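Each of the next two complexes has subunit A plus one other chain: subunit B in the first, subunit C in the second.
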Partner chain A sequence: MASTKQPLLSVRHLSVSFFTKNDEVKAVDDVSFSIPKGQTLGIVGESGAGKSMTALSLLRLSQPGEIVTGEILFEGENILKKKEREMRKIRGKDISMIFQDPMNSLHPTYTIGQQLREVLYTHEHLNKKQATKRIMDMLQLVGISAPEKRMHQYPHELSGGMKQRAMIAMALLCYPKLLIADEPTTALDVTIQAQILTLIKELQRKLAMSVLIISHDFGVIAEMCDHVAVMYGGNIVEMADVHHLFEKPKHPYTIELLQSLLRKDRHTNEKKVRPIKEPFLRSEENGTGCRFAPKCPYKQEICAKRLPPLIQDEHNHYTRCWIASDDR
Partner chain B sequence: MLSFILRRLMQTLPVLFGVSLLVFSLLHLIPGDPAVLIAGENAPKEQIANIHERLGLNDPLPIQYWNYMWNIIQGDLGTSFRTGRPVIEEIASRFPITFQLSVYSTIFSIFLGLIAGVIAATYKNSFIDTSIMVIALFGLSLPNFWLGLMLIQWFAIGQTPWLPFSTSWFSPSGWGSFQQMVLPVITLGTAGAAMIARMTRSSMLDVLNEDYIQTARAKGLSERKVIYRHALRSAIIPVITVIGIQFGFLLGGSVVTEQVFAINGLGRLLMNSITNRDFPVVQGIVLVISFTFVIVHLIVDILYHVFNKRMKMNG
Partner chain C sequence: MRKEILKVDHLKKYFPIKSGIWNRTVTNIKAVDNISFTVHEGETVGIVGESGCGKSTVARTILQLEQPTAGNIYFEGKNLCLLRKKELRRKRKEMQMIFQHPHSSLNPRQRLKDILYEAMSIQKVVPKARKNEQVHALLQKVGLQPHQQERYPHELSGGEKQRVAIARALAVQPKLIICDEIVSSLDISRQAQILHLLKKLQQDFNLTYLFISHDLEVVRYISDRVIVMYVGQIVEMATTQSLFESPMHPYTHALLSAIPTPHPKAKRKRLLLKGEVPSPVEPPSGCRFHPRCPFATETCKKVAPTLQGTKDVEQNHLVACHYGEDIARNRSSFF
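And then the complex of A and B:
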């Protein structure tokens, strides 16, 4: 492994903000992480935490009007500085993405084959025969039976799981170095979820890809990831090796999240779901303090005033909390 | 699919029945005796009675309607009071002109409307978008006859004080040569183009928010391909309905435009027949117009169904 020094992807101080009628909203605020070659990073958090925004900015697919600052180094080059033309060569080739809802992520009036072919024709110079072969191989690889038949079918003729498999095939056609999976199983049946996760894991090994998984489901994260970043209100509040995070969570938010999971299991039927009233507070409301302070059970005076820094401990475990560092 | 077409066909029957009933009543609803209309105010009583007998006006109304329908089914729409020729011939001689006018105007509308709509949607909320939509609003609101007259004045007669050279490029009247067709097609197509542009814009904006557009971008496609290959392909489906309605409407003959440009189409025939109180011709034209309208709508519905099936089943 020659490339251990330089990670495949390294995000530094990434911020994404946009303007509403009267103020600026920071959807992603000073986020830094990196993904080494062949490894999987998971980003967990609730809706509105900035997970998807982070993912989309890696492909520079954020909406017009959004302001993206910081650095995204992919193989050492800053993606944010690239021209749109160069960026198009990266999308779908070096970095691919699969989305949450396979029902709506495929074009309804093109056949599966046509949609896959388009990727190959955009990025590689293959003739029709070679392209067909690659597509068939890839469909087979993602576990789609009778690929020559599926190629000529429209998305509505496939089940949800099949569609997500087709999406994965489409994302992997050019053997990307990084696969971003934004809630890849959320819209699927529970039985299918496991299959898709296993498939992604298997393909990751076969194709030696790095994977970024975004989820709100700790189960998915635990199964898939090497490292986890927990996001809240646009910040990374905790980031660590997956075992470390589950064994010794430090940030009150992470602890609450994990406890809510355990509680559901232990107390048999009683499901204690904690509704969080507001997904995250807008910048003018929480001022300069910790985003989680208003809901934090261990809140102290400093929490509302100053945003804690992301502190690293000896196990490469990062926590953004004033009190977590003192062993409670 | 077949059951849909059959069901849709069945639905048109009551409409057609209603139309025929209305058209039939036309002759009896207008004040005065049709026979007097034919023979003239001062005709002798025997002649009037004769006409009554010949036209079957003494029969009870249901019988008259039955006979009327029976004749229509056999392709007999009656005889023109004025020329004495069968109405069906009168209509057949004018219909192709109106048909051509409708087809060219619709093509013009589609071409202009789609391009304008797509551009407006692409540059949403920008100066370009606003300009296009304002122009489209004008296009929708301008009365046909005014636009036609202005176009004649500017580009046929060449009275354009704001241009230093003569602009009498096109012919102000008639139908047949290219010079004669340009202005009426623009006159008739403008409102349609505006309608299509507005529809295309809103439809495109809907589609551009779809997940599969993001997928297309994430594949690395250029924005041009994303818009034309992926977005427009879905966005055009609701526009088809607008195009169909527009076309059906035009096929009915555009009375005003044909009058302004002195085109001998269906609309002008209708106009002249009304002025001359040539009721069989009026009846015949109204009937034909209604039928074409209903049929065009039927075709549009079926087309829409075919195009929309995949979309719906996917949802």
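And then the complex of A and C:
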């Protein structure tokens, strides 16, 4: 993912853990990636792989998970070193997020207009008239019809797709440099999903935003992203350009994941589905080895003993596997 | 021709909206408006549509969890709407339902064995002496370990809970199982497992499924025939292959083209629908799809199309569109 310019965001060796009385659970373990300006990175993985924790850490919202090590450089500055007061200026302005569950992410007793206005009052010095205009424009932009009416409605009066759009409008209100979208369309119907994805892409082009999309849907990833990172058990196991990843996946987990897609063979009647057996093991159950080793069909002795490093090949294709090679 | 197991005949289900101090019915939500279809023994029929199109209401009305406003439902030739409570309970043994949220459909204070045994004892399917044996067999059938029978639902993952819900449905040895969005809360590899399991169980027990989902790929994978619903009505009904390869209704086209293709190089020519699903309280005049349809004409605004077969395509491909055939014929130039 090398870029000649300095990337907008670069995450280096990020680890996030949950601590219990006498135990540590590593939710995110040594994750590094960067996003150049105007580009889209997708993170895929099953539930529990650490995708959402990674995203929340970028806004320092990972509590109760603690960021143990690593640095997050946003425009060259380490976010983790900032004071809470400075952080609050960044959230919603430079970096904003569309949360996983739009239905429960809006405040039920404030109108849509009030909630959007709060963002503007916090970050921008606008008078009431200007703020109203900005909100109306943004609601229109995300495709909400009759914004002057919707502004005075409460979340429960809107449909799921509308609420999701209102969330997106809120996230975009201050023209963020980085938009984090955590499963932005999981709860929606395909037709609404298509509308929302098209909308995010369009806005990205207009506002030159960088986008981080988290999803478990390879369809969404293939359509939206320039680069893809695959996470498994807290690690990034593979990261590459989207074309490379789909055409020449190298890590056994990615290969298996792509095969488990129902959509794989569109034109044969008998579709091959290969379910992945159990959920992955946490690091502490698996000692120091590769997280995927217990289920890996190509497992060798070294896999159970040492965690492989993330190795880069000539196409900027990173793989965390001892035995990954091009010929598989 | 296989035996007909379920027949839905001109089914309507309206929910009244009441208001004012006399609580008078002001208007109706037309959740299901005049639909008919049949399901044959051993087949899987999928119902797709956006949220709010009446899919779940159809399921609930078939099981008589809701009284239909009009129309009849025949199960193995018997009209369910005319049965008395006692007879209906006996019939329910043969038709089971699996719900969308496994967590809220399992009693949090019962162990798995009690959950399964309760279903069996109500329908008296096994003698008490053989109950443990049967619980073990069921758990194994759905891919759980017999020792898990002592667990409570909260100790299980989403996929495992859904397996328990499937086991409970199987416990009374039903003929028909209605699956309402049963995989939509699971992630993709878990979805594949559950669908796999359903297919296997279908072979083992000669089950018939009515499979409701908003996910077209899931429906495509599991169904023999597919029904597409839009605002309370059926817009297209065909065999899975015919529907996915040569869809005729513009709405079906839009649904299919909205699925993101999991390949970055795939060509995307999308029929993007504008606006939202209309409210079932006041459905649009004529064809209900006309406000969002790119091909709508004056006729569509006035005359509601009927669900009928077409000349060109195979016989049981039914579509409710005035221009279904034209659109199908000139597909390549539109999409």
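Criterion: the second predicted complex is superposed on the first by the 297 of 328 C-alpha atoms of A that agree within 3 Å, B and C clash if a C-alpha of one lies under 4 Å from a C-alpha of the other, contacts with A are read in each partner's own complex, and residues count from 1 in each chain.
Please note the rule applied: a contact is a pair of C-beta atoms (placed from the backbone, for glycine too) under 8 Å apart; a residue touches a chain by one contact, two chains touch by 3 or more.
Nothing here was measured: the structure is a model prediction, and the numbers come from that model.
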item: Which superposed partner A:H13 touches (first subunit B, second subunit C, both, neither); value: neither
item: Which of subunit B and subunit C A:H152 touches, first, second, both or neither; value: neither
item: Which superposed partner A:E223 touches (first subunit B, second subunit C, both, neither); value: second
item: Subunit B versus subunit C as contact partner of A:T109, first or second or both or neither; value: first
item: Residue contacts on subunit A - larger count, subunit B or subunit C; value: C
item: Partner chain in contact with A:G160 - subunit B first, subunit C second, else both or neither; value: second
item: Which superposed partner A:K128 touches (first subunit B, second subunit C, both, neither); value: neither
item: Touching partner for A:A194 - first (subunit B), second (subunit C), both, neither; value: second
item: Subunit B versus subunit C as contact partner of A:K206, first or second or both or neither; value: neither
item: Contact set on subunit B toward subunit A in their complex; value: 210-212, 214-222, 230, 233-234, 310-311, 313-315
item: Residue ranges of subunit C in contact with subunit A within the complex; value: 50-52, 157, 187-193, 195-196, 214-218, 220-221, 241, 254-255, 257-266, 268, 270, 272-273, 275-277
item: Residues of subunit A defined as touching subunit B within the complex; value: 59, 61, 88-93, 96-97, 99-101, 103-110, 118-119, 122-123, 154-156, 167, 170
item: Sites on subunit A touched by subunit C in the complex; value: 46-47, 145, 159-162, 189-195, 197-198, 216-223, 225, 242-243, 246, 257-258, 260-264, 269, 271, 273-276, 279
